[in-house]
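What follows is a set of structures to go through.
In the two assemblies presented below, chain A is common to both, partnered first by chain B and then by chain C.
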Partner chain A sequence: MEIVKNRVGSVATLQLSGRLDLAAGVTLKEKVKEEFDAGNVQIHINLARVDFVNSSGLGALVSVMKETRLRNGRLTMSNLASYVQEIFEITQLSHIFEIFPTQEEAMTSYDTAPVR
Partner chain B sequence: MSRMTTDSSELLNLIQSGNIEERRDAVTQLANAPGDDAIAGLVLALEDSDAGIREMAAEALMHAELEISTALLSQFLSSDNITTRNLAAEILVKIGSGAVPALISFLHDPDHDVRKFVVDTVGMIGDRRATKSVCEALGDTNLNVSCSAAEALGNIGDPAACEELLRAMGTVEEMAPQAIEALGKIGDDRAVNALISKLACGDSLQIYAASEALGKIGSPAALRAMASVLKSDSIELAEEAFKSALRISQIIQADLHDHIPIQRIQSFISAGFAKNDSDIVDFAGRNLCLWRDGSALSPIVRRATYLNERSRGALTRQLQNLGVSVEDLLIQELYVADSATKLAIMDIASGAPQALSSVGLRRFASDADPEVRSKVAFLLGKLTDGSGVETLGILAEDAVGHVRAAAFRSLGWLHCEGAVAMLIAGIDDQYVDVREACVGALISIGGEAVIEYFSRNLKLGTTEQQRLSAKALGWIGEDSVVEPLTTAVNHSAPQVRKQAIEALCRIGRIHEMDALLPAINDEDEGVQRSAITGVARFVPHRAVRILEQFIDDDNIWMRTHVIAILGELDDLRAVGLLIKQLTATQDVIRIAAINALAANGSITARAALQSFNPAGNNDLSVALSAALARLSGEGVYA
Partner chain C sequence: MSTKIRGPHTMSFEYPSEIASEGKMFAELTDFLDSVGVTGRLRHSIMLCVSEAFVNGMVHGNRLIPERKVRMCLGLNENRLSADIEDEGQGGLGEIHARRPSELLSENGRGIDLIMQSADAVETSVTPNGGLHIRMEFSLQRSEPAERDSE
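Right, the complex of A and B next:
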């Protein structure tokens, strides 16, 4: 699995490509930890190029979410391919992750509008 | 049967015939016969006793590209019939600016109804060239006309009318509300001071209109003046002022409390709370931050059912930033709330998991309402520290099925390996949603124990258990599930073989695909089709040779399936096979080939479709047109 890191404003974005399985999950957790160590707790994961997720991959995503919440941060995800979306629906994990159709929409959600 | 005639004078006679069919026929022909006589006939038909004929005539006039002459307008205005007048106004508005000069020429008509009609219609057209004339009508001796003129100026929206409207507002008391409303619509800053002074005029109608108008103009100077109206004894006035102040704050992108003392807003909102005014509760929900000590939280959440979705979301975000512990307050309210309010409060808290801890939620795990218990299970699943697992274990044994399902789902979200045994037991639950929740949770948790359970079931369970186990193993997708699935490809039950093949395809490890090859010749069509799909996807270089043997299969559905798969292959040999199918005897095969060639999209496939002749076969023509339309604009490969 390839992971490309980037920043959009205060949000660290990770673009994943390939299969999200046990080994890729370990790499993902390491990359996110690097962001935590650098003080970034707003994490976005773009899954547009992920064509396979298994239980270990889901476990890695849940683990990243737990760690983010522990640090009072926020985790968002976007661009789930139909296969990936299906496993999120079967496991109902879509209820606990913040999932957006596109990365742009996820980024917009970080811009907290002033309350009127 | 309708009668055809081209004689306009005869048509004009027919328009007044006692026979409805003849009149309808005449209108139809007049609509297609340009000329003044035809127009006159259509205008006459606007007064027909039959509503359908009136509408036909109006429709024809709207599309007749009329030049509105004074004479024609006289004909429009000669009717006392209100329906005809309304139709005439509709036609004139549709014609738009072209009708304005003729209309204005009637502004001094002796009949005040005609003058009012003109002013109203010009206002609806909204052409600024009419501003000056309509301003003059503000001084009309008839109050109906002058008030309509004020309204029309608001609709026209020309700032040039501002001074005249201000003068009218100050001099003719009866016209003031319309003039104020018009000034609000025009939105010119020059009106702000005069409108602010109206807030203290003592006439509630004018104060209400001035508040609304200032809200539309959006001047910061109006905000402080609004504060005085918030003290009004009239709730309606105070509410309008508050909502206008809110609109202004949105327009000028300012915080309301920077312009109006917070205490004034708070006391106004307290009054709104007492009335359970949903708009005000909603505002308070979005602006909890106005009470820095969080003291408004209780009255707001007590009315949580009044909050719309946006405000619930805003309140959730504020809970996270409030800086004071909200849990005790929320728990207090949950204790006294009815079920609907409890659910609404929990809904708000669900976006801010820290707002309610597992200790707090546990108290409601035995609530009398199963919806509340189900929501508690849902919220506990969102507490990623896992502190809710023990309570979830209790809820997983609830008497109500959907509460158990919610608890099992949450245990899956928490990746709670300790719950695997309980989840496995839940697979035999009598309720399907509980069983599905358990399977979903086990897929999510994965791990050795889960894989071992499903693998054993795949070997030893009932046929249905074996089918479900194959499916679950496919979703778990770990390396260790491949072997039991590969074995199951040779299972005696076709539904298990099919599921095992689909599971292997889902996992998509290419070196296991050889196991699918024998299944291509399976005795069961469903198994065959799954195997063919898998092979085509994962072994595309061998796919054409394999698929070729099925392209003339006796089973027509197998043939269409194979044709569709060939269309997806990036292989010119596949295109050749598809082109041959264009000459098949059955339409369904030829249509499948057309669609597959369109899906393929190669130059050869395009050329084949472009030269294909459907020979008058309607079904083929429709499919071909759709295919060619789909291809236009798509990229090609050589």
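Right, the complex of A and C next:
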């Protein structure tokens, strides 16, 4: 799993590539914690290059979401491949994550969202 | 380090229970699927189920104790592909039978549900040493929705 971090306005973006599995989940949580430690609580995860996710990866995403909420932040995701989207639907996690078709749409939602 | 024991249409591997084994398992599983020409949604389902059973055995069965091994056996016949995952833990079958559905915000507990959803047949049993053995079978003649074949 490769994670490329960037910033778009006030939002920290993480572009993931590869499998989101047990090992990658550990790395993801570490990378997001670095953002929290830097004071960034608006997090966007772009999954365009993730071709596989299992329950360990889902658990890491749930953990990130809960940590973000604890900090009064916001977590969005975008660009889910069809297989990945299907796993989110089977597990009903598609109901609790803010998922956008594209990163651009997610970024626009930050512009228009009320200040929390 | 994992060990390839047999080939080419039945292959067995053994892994220490450490996180690095996950990547080795994926590499050997994808090699096997490449060698037998399994692609598309079926390939994804097999990878998902095997990874769920593997991580369950490594983390929950063997408690990530490297000396405890997880074994993966992959087999292929004319119509079905089988995957057997075995750990050296204790009480895993009882834990599976006693488990409650995972809550939406739970960080774990979804693996067995994903296996049940994605495999065509699942059997669980206890090994002579008390470990958990999960056997999963996949029909090679699944009918897949046409629009998803190209995904």
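By definition in this document, the second predicted complex is superposed on the first by the 112 of 116 C-alpha atoms of A that agree within 3 Å, B and C clash if a C-alpha of one lies under 4 Å from a C-alpha of the other, contacts with A are read in each partner's own complex, and residues count from 1 in each chain.
In this text, a residue touches a chain if its C-beta (ideal position, glycine included) is under 8 Å from a C-beta of that chain, and two chains touch if they have at least 3 such contacts.
Note that the coordinates shown come from a computational prediction; the quantities given were computed from them, not determined experimentally.
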**Asked** Superposed on chain A, are chain B and chain C clashing or fitting side by side?
**Response** clash
**Request:** In the overlay, answer first, second, both or neither for which of chain B and chain C A:A23 touches.
**Result:** second
**Asked** Between chain B (first) and chain C (second), which, if any, makes contact with A:V4: first, second, both or neither?
**Response** neither
**Asked** Once the shared chain is lined up, is A:N54 touching chain B (first), chain C (second), both, or neither of them?
**Response** both
**Asked** Which of the two partners, first being chain B and second being chain C, lies in contact with A:I87: first, second, both, or neither?
**Response** both
**Item:** Common interface positions of chain A, toward chain B and toward chain C
**Value:** 21-22, 52, 54-56, 58-59, 62-63, 66, 83, 87, 90-93, 95-96
**Asked** So in the complex, which bits of chain B are touching chain A?
**Response** 246, 249-250, 253, 255-256, 286-287, 289, 314, 317-318, 353, 378, 381-382, 384-385, 409, 412-415, 437, 439-441, 443-447, 450, 475-478, 506-508
**Contacting residues of chain A [partner chain B, same complex]** = 21-22, 51-56, 58-59, 62-63, 65-66, 69-70, 83, 87, 90-93, 95-96, 112, 114-116
**Message:** Please output the residues of chain A touching chain C within their complex, sorted ascending.
**Reply:** 19, 21-23, 26, 52, 54-56, 58-60, 62-63, 66, 81-83, 87, 90-93, 95-96
**Complete:** In the complex, chain C touches chain A at residues 19-20, 22-23, 26, 41, 44, 47-48, 51-52, 55, 59, 104-111, 113-114, 117, 148, 151
